[in-house]
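Shown below is the structure under consideration.
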Amino acid sequence: MFTQTADQDLLEATTADYLRVTWTPARIRELSRLDSPFDPALWRRGVDLGWTALLVPADSGGGSVSGNGLADLLAVAYQFGRHAAPGPLIGTNVVAAALARWGTKEQHGGPLAELLDGAATAAWGYAPRTGPRSGNGLRAVSSDDGVALTGTVPLVETGTASGYLLLAAADAQGLRSHYLVPRDAPGVRTSPLRGIDLTRRYQSVTLQDATVSAAARVGEPGSADDHDELLLDLTAVLQAAEIVGTMERAFTTTLQWTHDRYSFGRPLGSYQEIKHRMADLRTQLEASAAVTAKAARHVGEGSPDARLWASTAKAYAGQVGPELIQDCVQLHGGIGVTFEHDLHIYLRRATVNAQLFGTPAAFTDRLVSLTETALGGGK
Amino acid sequence: MFTQTADQDLLEATTADYLRVTWTPARIRELSRLDSPFDPALWRRGVDLGWTALLVPADSGGGSVSGNGLADLLAVAYQFGRHAAPGPLIGTNVVAAALARWGTKEQHGGPLAELLDGAATAAWGYAPRTGPRSGNGLRAVSSDDGVALTGTVPLVETGTASGYLLLAAADAQGLRSHYLVPRDAPGVRTSPLRGIDLTRRYQSVTLQDATVSAAARVGEPGSADDHDELLLDLTAVLQAAEIVGTMERAFTTTLQWTHDRYSFGRPLGSYQEIKHRMADLRTQLEASAAVTAKAARHVGEGSPDARLWASTAKAYAGQVGPELIQDCVQLHGGIGVTFEHDLHIYLRRATVNAQLFGTPAAFTDRLVSLTETALGGGK
Amino acid sequence: MIDVDEFATRARGWLAENLPPADPTRDTFFLHAATHPTDEEVLARAATCRELQRRLFDGGFAGICVPPEYGGQGLTPAHQAAFNREIRGYDYPAEIQASTFIPCMAVLLEFGTEEQKLRHIPRMLRGEEIWVQLLSEPGGGSDAAGAVTTATRDGENWVLNGSKVWTTSGWWGDWALCLARTNWDVEKHRGLTVFSVPMSAPGLEIRQVELVNGSKDFCQEFLTDVVVPDTDRIGDVDAGWGVMTRWLYHERTISGGSPYVTGGGNRPNAGPYDIGSLIEAARAFGTLDDSRTRALLGEAQTNVLVLRALVEAVTRKMAGGALPYHAAAMTRLFGGTSNARRAAIATELYGEAGVVWSPDEETAAQVGLGYLTRQAACIGGGTTEMARNVISERLLGMPREQRADTVAFRDVPRGPQAGGSGA
Amino acid sequence: MIDVDEFATRARGWLAENLPPADPTRDTFFLHAATHPTDEEVLARAATCRELQRRLFDGGFAGICVPPEYGGQGLTPAHQAAFNREIRGYDYPAEIQASTFIPCMAVLLEFGTEEQKLRHIPRMLRGEEIWVQLLSEPGGGSDAAGAVTTATRDGENWVLNGSKVWTTSGWWGDWALCLARTNWDVEKHRGLTVFSVPMSAPGLEIRQVELVNGSKDFCQEFLTDVVVPDTDRIGDVDAGWGVMTRWLYHERTISGGSPYVTGGGNRPNAGPYDIGSLIEAARAFGTLDDSRTRALLGEAQTNVLVLRALVEAVTRKMAGGALPYHAAAMTRLFGGTSNARRAAIATELYGEAGVVWSPDEETAAQVGLGYLTRQAACIGGGTTEMARNVISERLLGMPREQRADTVAFRDVPRGPQAGGSGA
């Protein structure tokens, strides 16, 4: 779906091969019945393909195949969408990127190395400032013992039991900083959440004087506001890439269906109204892929327009992605709303990606703010 | 388009006959070149058909043909939409209704009688509270000479040169009251506006110590806020009825076009995508007519749900009406954007009705507020 | 005949004495439920429905418009409408109105023999027979007349083979109307016949179909040499399409206008999409005064109110002859698309909360799962695409689609997946 | 060959010396102007364009990718692209890029005889010949191959009769490419021929067509016994569809990718729909912080940015072979619908102010009139419906529509309004 280098093609192909065999739709339906579908061994084998290394520079143990790690990771995330594969791909990569950019040497040697070799996964505990999932925010109190974190994080994705959470907490002066918190740190309590994705699981996190060492801080004191914005850009691009994958899979499935299915003695695809809808959907798919690829290039290169394009990609793909798949459901008729059909696994993944870590509406608003600023009249 | 009584059918038929002969599309295009298309003689002949009497009780010189004058007027407004006929139909009727309900005996004998016999027309100087056309509001200062009005009214429709304006002004205590102001009163200055309707013309009005007698007040002191809401209901229903008329005309024209026009050797209407669009448009037309008729019944009867239905009618018809006509333009191809074709006449009228006296968005918000109140949690 | 007001008064008194109040927390409608009843709970509810129906029968309120010779009250639609107003707020056997009374009883009344009517209708009215529809087929889609389930004559019996799907309540129903092909050598509409079949018939296997939201109320049936006596044939041989036309008509009256159902019919309640529920959610999220939120709330409620006005207007115009019968397709189209749009609006309003929720957030769960099945509103009971065909061809008189199925049915192209589940 | 950077440097210097700056207040594009130039003003501007084009020619910057034997510079598309970057901010003969250079000069380069090329192309490059397209017909709609304007052979001449419409700049053009039917007895694509015709030819009458927004730039032509020598035929007799295919291809390059235009092509500027203009309006209305307003602003800008990304991606993929040529229909579809949507968004943002305005509110007037012609974005240059046909049939390989025009053209049904204006 993307124009990319031969090395990127290879990365995508090996990922696609692995996911296709490992995460068949039937297997995903089975896993949906389990409490804890995460499989450490399978995750490690994926990590061996390079899944967590791309946003980390070579001197920190990672490596890009093209010089733009986010553009590389685009194809991996796209394939995750096409297979509705469990992760936690995005969170682990985003936290790895944060550690690589702003982490200490100790953090590189410890947690980051674990993410890079698949021993651990990570989640970014982002909470929107407003709306239904706005968290209370964490407070950080420093003492000789370290930093004690208290508060709730509305939602993090699950992964390895002993993985990491990247959480922002405000000190007494209101300065927000990021901390890397082990999931199994004392004072960290998680509660399972439910949701529409079949294999991705989420938890809410409550911290009560969860104490980490002062060395757990990631980045300069007070840098979390700025850093959150960059992590949001990375997350948005990767979510958009997954959405494009779900769109492609649903579209392709449906195109085949219009070929095979006959209605009133004619293939479904011979009806002009169906043809025109498919043309609209194909165009939306191409447009989603185009804006997402462009966003990956800009964000990966750290260009001045990076934030604008990341916001546009998430706003657009997040809006049209789930709607495209719903139209595919409609074109399938009743079978499209049955559990045994595959369409819904892509619809679920697309919708979760669209709504979490900033809704399309939130990114649309962000885009306007960025434009205001660029025009010189912004707030 | 509406289910109505035989008397209402007759009123509609005589109106339709008169408008069809008088306001041909060709004539409307000619009038668009004139500065002042209002024709007092033609207006009087229309008034003779009953156009301004329906919202006025018989004992004030008016009369309904069914007991629900607004339901009667619905069909007249609908035909005005179908012919994109100039008025000022809505403003004159709304002011007549205001005078009939809240006016003094003197106002009934004078101005109202002029509206009823067609000697004068009237306009309601409504200004939304927010948005691009929010006026500064008028201030009223009482003295022995009467009441001096100062301020601007963003927009009123033109009509007879010596007609009336119904304007709300606030006194020193902030109480808003309505006043009936002759257009040619001293201190009243008008400036012509331009717009997209070909025959309806609008002016902005500036009053500088425009003095009217205390007897020019319409209704109790401080009643304008409440009364404005009712006038808004009446206006909304009549605008929606005109919009339904424009929709019907554009739809019917286009249905014929899909029959007559051949593309690739087949009638346009044999293409399934075109058929499905026409089905959507037909449904929107029926839905618009249905909700408008229901609103007319409720508002005409003064039922508790009147405001809810009036808001819904304007919100819905105002949203889908212009869009329906745009789709008709699309189905016509290039000829649909030429001045010599008729479609744009209806598009102009529908769009003006949709946007003036409260946008569809404003009525949607009003609907939510009314619903909140009805549910007991409103503000 | 008892006058309507008097009848309503009598009903009011009887209901207060005899029917339990409705439980507003119980959502009987699969589309909105986030959690689904166990099979045992479904069967218990079915038993309650039978018992409630029996009470109605004993009280003289079952089959209000059904002739007395079949156990009904012989009254008018006005009486039924009055009763439906009175019964609001009471628990009533909502789950068996459709499909037992419409379309099944309605079809029997029109096409059944005297013996068939005497045999089944009183039992339906007493809650003893719950009927379901063996109509759709896995390969059929929108084309009801394209049924390939086949009935072959064998002396005084017919032998049925094939598969049916989308049978609501199939696994706990007693009897079914079943559409089958009895002649493959004529044009498709002319080779169909309708039968009544006991759901317990040997050779009839029933499998529950799980939907995306966890509901298991729909079933698929596999018929293998199911023997049906000719006396259970409904209507003439090969005249099934005439029966079907009315069958489908009665099915569509579920959205209003049927004289044969008690209460409002099985119309889904508004659930999480009810404007009160949406406003409450927005208030809880702190977004109620946000103008974008209000635009969405207003759009949702506009959809509801316009649909109500449209149904009333079209019903009135059809009754008065101002619109032909096919105009009902407009209400189906508007109902379907506006319902789907409301599900999208709810998802937008809920944002993060509508895709991941804590176990106690029942309404959020309904929004999340409801979004996944939202297209059911545009599929079930005839797709919105079919409605658009009907509107354009029948109401607007636009040219009919080119057809490839006017030859003998056996020669109609059915594509690579014909007869399969298509999945 | 001069290297691109060096060429750019030379251009930069020359432009500063020789071209006047662009006047940002002048909107040359009819779709957004609220007031329209008089005929005299149009002719004056045309004269300016001719003069500017002549300067470019004299400076060695006309026909950058055109072979030197026809007056061009014989350089590469990269040189043209570099020049197009340098010329930003200068006034240049934007109004004659299309249709003189694309499609007309491009078609001549591909299909013209050596004599035709030598005769016309240098004159085009010197601003002496402005070319227009006699292509669409009043009864034709989307079907370019359905032309009924007829050319009949008469010795060494052809005699043309018929009518053409939607000729941009028709009334002030010098020459035209004209598509005509030369054979009614074969399938429609096989009986067409292309001619070059002087717009001053006897028998060619030109009428300006007024659009809804007051623009009069389009023309309709009536051809009555217009005599064209056979030496002005472009391509073989009855081989016109092959020419047309490329003609239409070059026409579509107006949205990017043509090596033959100076500047950005005649792409409309954003006018009142530019995000800066919309934000400024919202600020003036006091609605900029309103979340609904921001959702609309964001949607408008998302449309613009996604279109930009889509055009780039499709162009890149087509160049690399990852997408076939027909994929360009996706950019046409997205461009049309997103443009129309932006007009609707502007109307919604302006509300009351977008339908009635005071004489000094120029931008409001542009919004109001722009809304009336917004569908032009989905009609002109091939409708969005045709784009959907191309995408579904050519890109997705879905079954072709049933056609009734594959017989001899004279037998193709053309309906009750055939040949008429259809209004």
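As written, the chain order gives the labels A, B, C and D, with residue 1 at the start of each chain.
As a convention for this text, a contact is a pair of C-beta atoms (placed from the backbone, for glycine too) under 8 Å apart; a residue touches a chain by one contact, two chains touch by 3 or more.
These numbers come from a predicted model, not from an experiment.
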Which of B-D and B-C has more C-beta pairs touching across its chains: B-D
Furthest chain, CA centroid comparison against chain A: B
Length of the line joining the C-alpha centres of chain B and chain D, rounded to whole Å: 41
Averaged-CA centre spacing for the pair chain D and chain A, given as whole angstrom: 43
Where chain C and chain D are represented by their mean Cα positions, the distance between them in whole Å: 54
In chain B, residues with contacts to at least two other chains: 267, 271-273, 275-276, 361
Overlap residues in chain D, where contacts from two or more other chains coincide: 291-292, 294-295, 385, 388, 401-402
In the complex with chain A, residue positions of chain B that touch it: 271-273, 275-276
Chain C-facing residues of chain D, complex: 290-295, 402
Chain C to chain B touching residues, read off their complex: 275-276, 279-280, 283, 291, 294-295, 297-299, 301-302, 305-307, 309-310, 312-314, 316-317, 320, 322, 327, 329-330, 333-334, 385, 387-393, 395-396, 398-399, 401
Residues on chain C engaged by chain A in the complex (per definition of touch): 136, 138, 141-143, 146, 165-166, 209-212, 214, 281, 284-287, 292, 340, 344, 347-348, 350-359, 365, 368-369, 371-376, 378-380, 383-385, 388, 401-405, 412-418, 421-423
Footprint of chain D on chain B - complex, ascending: 128, 130-134, 154-155, 191-197, 202, 204, 257, 260-268, 271, 273, 322-323, 326, 329-330, 333-341, 344, 347-348, 351-352, 355-356, 359, 361-362
